[in-house]
């Protein structure tokens, strides 16, 4: 994690960026010192009524002088452009041997998938010292994949792929932020990049379940969307238990009985005030607009996995 | 002298200068309108470069007859407007000529809108409104039609404003509430009308000719 | 001796100035006097300034703690969006052009009014209509897209009042265009005899350049918002990726306006500073010609750098390089202006009245903000700091440290001319200094927080950024106090201030040759111009070399 005053230089790009930063800070400091210094000096020396020398302006201060400092400024800025641009051009494309990782951004989580199918949510494990190429797209709005420690950022756009790459140079865990405003939980759309040694990474990778595991995804959503806040056993809120719910007959507060199938679970999330379970208050918030179909599927799979009764008839 | 001074307005001291300023002002405004429609056309251009086939297929669904008739109507209205404006600028032209030409301009403008109305009706019947049930299967064809409805709608709004301005001149001029000869307002209205026409000249090939030009 | 001074000596009865020529509400709401319209605008933008300020006060209070304490994320998002929309379009864009530009442009060129006085009033009513849409948006629950309305969030995902917010900006954009047309025509067609282009005061040049930018850039904003409205309200697909639309196209259209927009916000401020510094240094402006070229260059090049807001958007890297280069190029004329303002102090006779304090504050803060722009123009650095608080700090240094300081400088410099009253100078100096320090306290920590990785538009943030947020919020409290002070003492001066003479600062410029406040038609006798501006001393000399009467040319009547 970041310390309060410094940011780790954890990638090859970070070193380059910090180098440019240092030069620009020095140029800026000198310029500011010059401008502030002159203003303060003139303000004191030439304050009204002071006995500093005035009168004819020095001959050096003429049209050539003005053209001169304009040209000097231009050449300095042109040099700064060229120097920064060459660092950019050098880092444009990932090296050929880069590890490819696919990133899917959606409100409000990051889904990453390694080449062998291993998937992570809000996490990315990578090996140190190897270039990693991120191929990214969004499922909904524009997000932005931002890892300050690596000095990388790339907008993630729906309808197309965008790419960026990095090569981690330090072991550790580094924060990932979404850097393009994307709605309610934009500031919660964070993650962690874990940089491991090559051999540890290989071991980790082989231990990952391959392919889809909806219930697993659903379990994470159950926490990240706040469901566990009320429905977990430890919650202080009086909310229906979900263990063994799937397939069971549920008694509603208006006297009806319904079976807890997929449709019922979906309606409970999107229109919670419609069918209130007997003995409970209608306080569940609606998740309409907050959960898309994929997430509802995953959550349903998770609830199913919590134990189910056999369907009747 | 009274008629001339009745046209004179603050802060001007001479009518000629006021007229020049009016012309200058409307040209500056036309520059902003160029950027306005230019941005729309740029949007169209970018979408078309990204989806040439869908745009060609969509372009073939437009009714080129309505489009061409409307072009003829609008160009003629610019002619009548030019005659009106020229007559107002010259000495010795009859006031009636100006009024008739202005009236014809407004009438032609209205004719354009009526033809457009029929065209829109046909477009709706052919399910060319983007959304569910759209007539063509390529998704980007909806993009073409999204831009079509928008651009022609914005043009129609501009044309309506022009018609209102022209009708106002006709009514006030016929009732002798304002003097049409030498009127700065007439010049400004004429230039605005010509802009609306020029915009249409650009829109016509963009809307009616894709997919047809080979 | 000026004609106005002579006229004062003749035995005619005093005539009503523009403030007293008609005191009914209708005489104000149906006025075509550019000076009254300027006052109407001043009142309007003041209300919006405090509305936008209230929104961000709530935001900064919330940011004292990392995980929020009294706002929901949705409310937070609506508050910063409202702040941006109001401050950009309902305060900054109209601020100097529509108040001081309106009031001073005809006066400075020796004209009785602007070219199209009724269009001028219409502009104000358009601003009001736009403002009504904006207030409705707020009252109805707000909008949460940020001031940038990025698609597809704004068109397909936001559950807030995007349509009315976009409509508000669309309408007020046309007020901008109308103003621009008016000012361009005025500058071309109403200059007094002898007022050639290179005798124009810098403020007129700055308003003229700003007006050209307004006229050419604002229509593109109108289109980009119209496309958002069309997609959201009428379902017409434009940016929807599923139907072939390109969300990044919106960004190109939006920034094509919004980059020149920042020059709309800063060029008039630069013009103001160029009026104030020569007056209080009793010196001609150094390098007038280059200052004019610089303004024109900034306005022109400003149209070709918009892509520097989009380095990480997925834009072509080659386009990014061109935009980066041009962004460095546009820094050159800005730097020239800073050098010339500094050089204008050399061998001057400098006094530190509050307008001068604001102007010098501008130079310092604008230089800092401009230098941070160099960081942002460098692509590798921008990739790291874009969408973080570094950018937030950068643009606030320019727009608040720069434009708002200049606005207050203008307010104090021309207050005697506009109202006929003097304000209490020590209060004003205190406010200026407090503003400067409050500003730096608020925004300097944000550069650091941004570089360390704190993203912008974040309701909650990691704990290690808290120290910077607390500093920033504390500074904001000081800044808020500094903004409230002028509201109080300037209002006080309207009732109890000393009566101002025609030229209390001894400044050059045609506006100072007429009475304070001016008569409705500005000048009793048409001015004739026979000299360049800023004739504070003889050619080739510096300040203090002329006779005492010239040095101390404050009219006492």
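The chains carry the letters A, B and C, assigned in the order they are written, with residues numbered from 1 in each.
Note that contacts are C-beta pairs under 8 Å (C-beta built on N, C-alpha and C of every residue); 3 or more make two chains touch, one makes a residue touch a chain.
Values in this document were obtained by computation on a predicted structure and should not be read as measured data.
The central chain here, found by comparing per-chain C-alpha centres with the mean of all protein C-alpha atoms, is C. For chain B, the chain whose average C-alpha position is most distant is A. Chain centres here are Cα means. That of chain A falls 34 Å from that of chain C. With centres set at the average Cα position, the gap from chain A to chain B is 48 Å. Residue numbers of chain C whose C-beta contacts span two or more other chains: 242, 245-246.
Taken in their complex, chain C has these residues touching chain B: 32, 106, 111-117, 119, 177, 180-182, 184-185, 188-190, 215-220, 222-224, 226-227, 230-231, 234-238, 242-246, 249, 253, 256. Residue ranges of chain C in contact with chain A, taken from their complex: 73-74, 77, 144-146, 150, 152-153, 156-159, 241-242, 245-248, 281-282, 287, 290, 312-314, 317, 320-321, 324-325, 328-329, 331-332, 335-336, 338-339, 342-343, 345-352, 360, 363-364, 367-368, 371-372, 374-375, 377-381, 383-384, 386-388, 448, 451-453, 455-462, 464, 467, 540-545.
Those residues of chain B that touch chain C in the shared complex are 9-11, 17, 20-21, 24-25, 28-29, 31-33, 35-36, 38-40, 42-43, 46-47, 50-51, 54, 130-131, 138-140, 142-143, 145-147, 149-150, 154.
Residues 1-7, 13, 16-17, 20-21, 24, 27-28, 31-32, 35-36, 38-39, 42-43, 46-49, 52-57, 61, 66, 69-70, 73-74, 77-78, 80-81, 84-85, 87-89, 91-92, 107, 140-142, 144, 146, 148-149, 151-155, 157-160, 162, 175, 177-188, 289 of chain A touch chain C in their complex.
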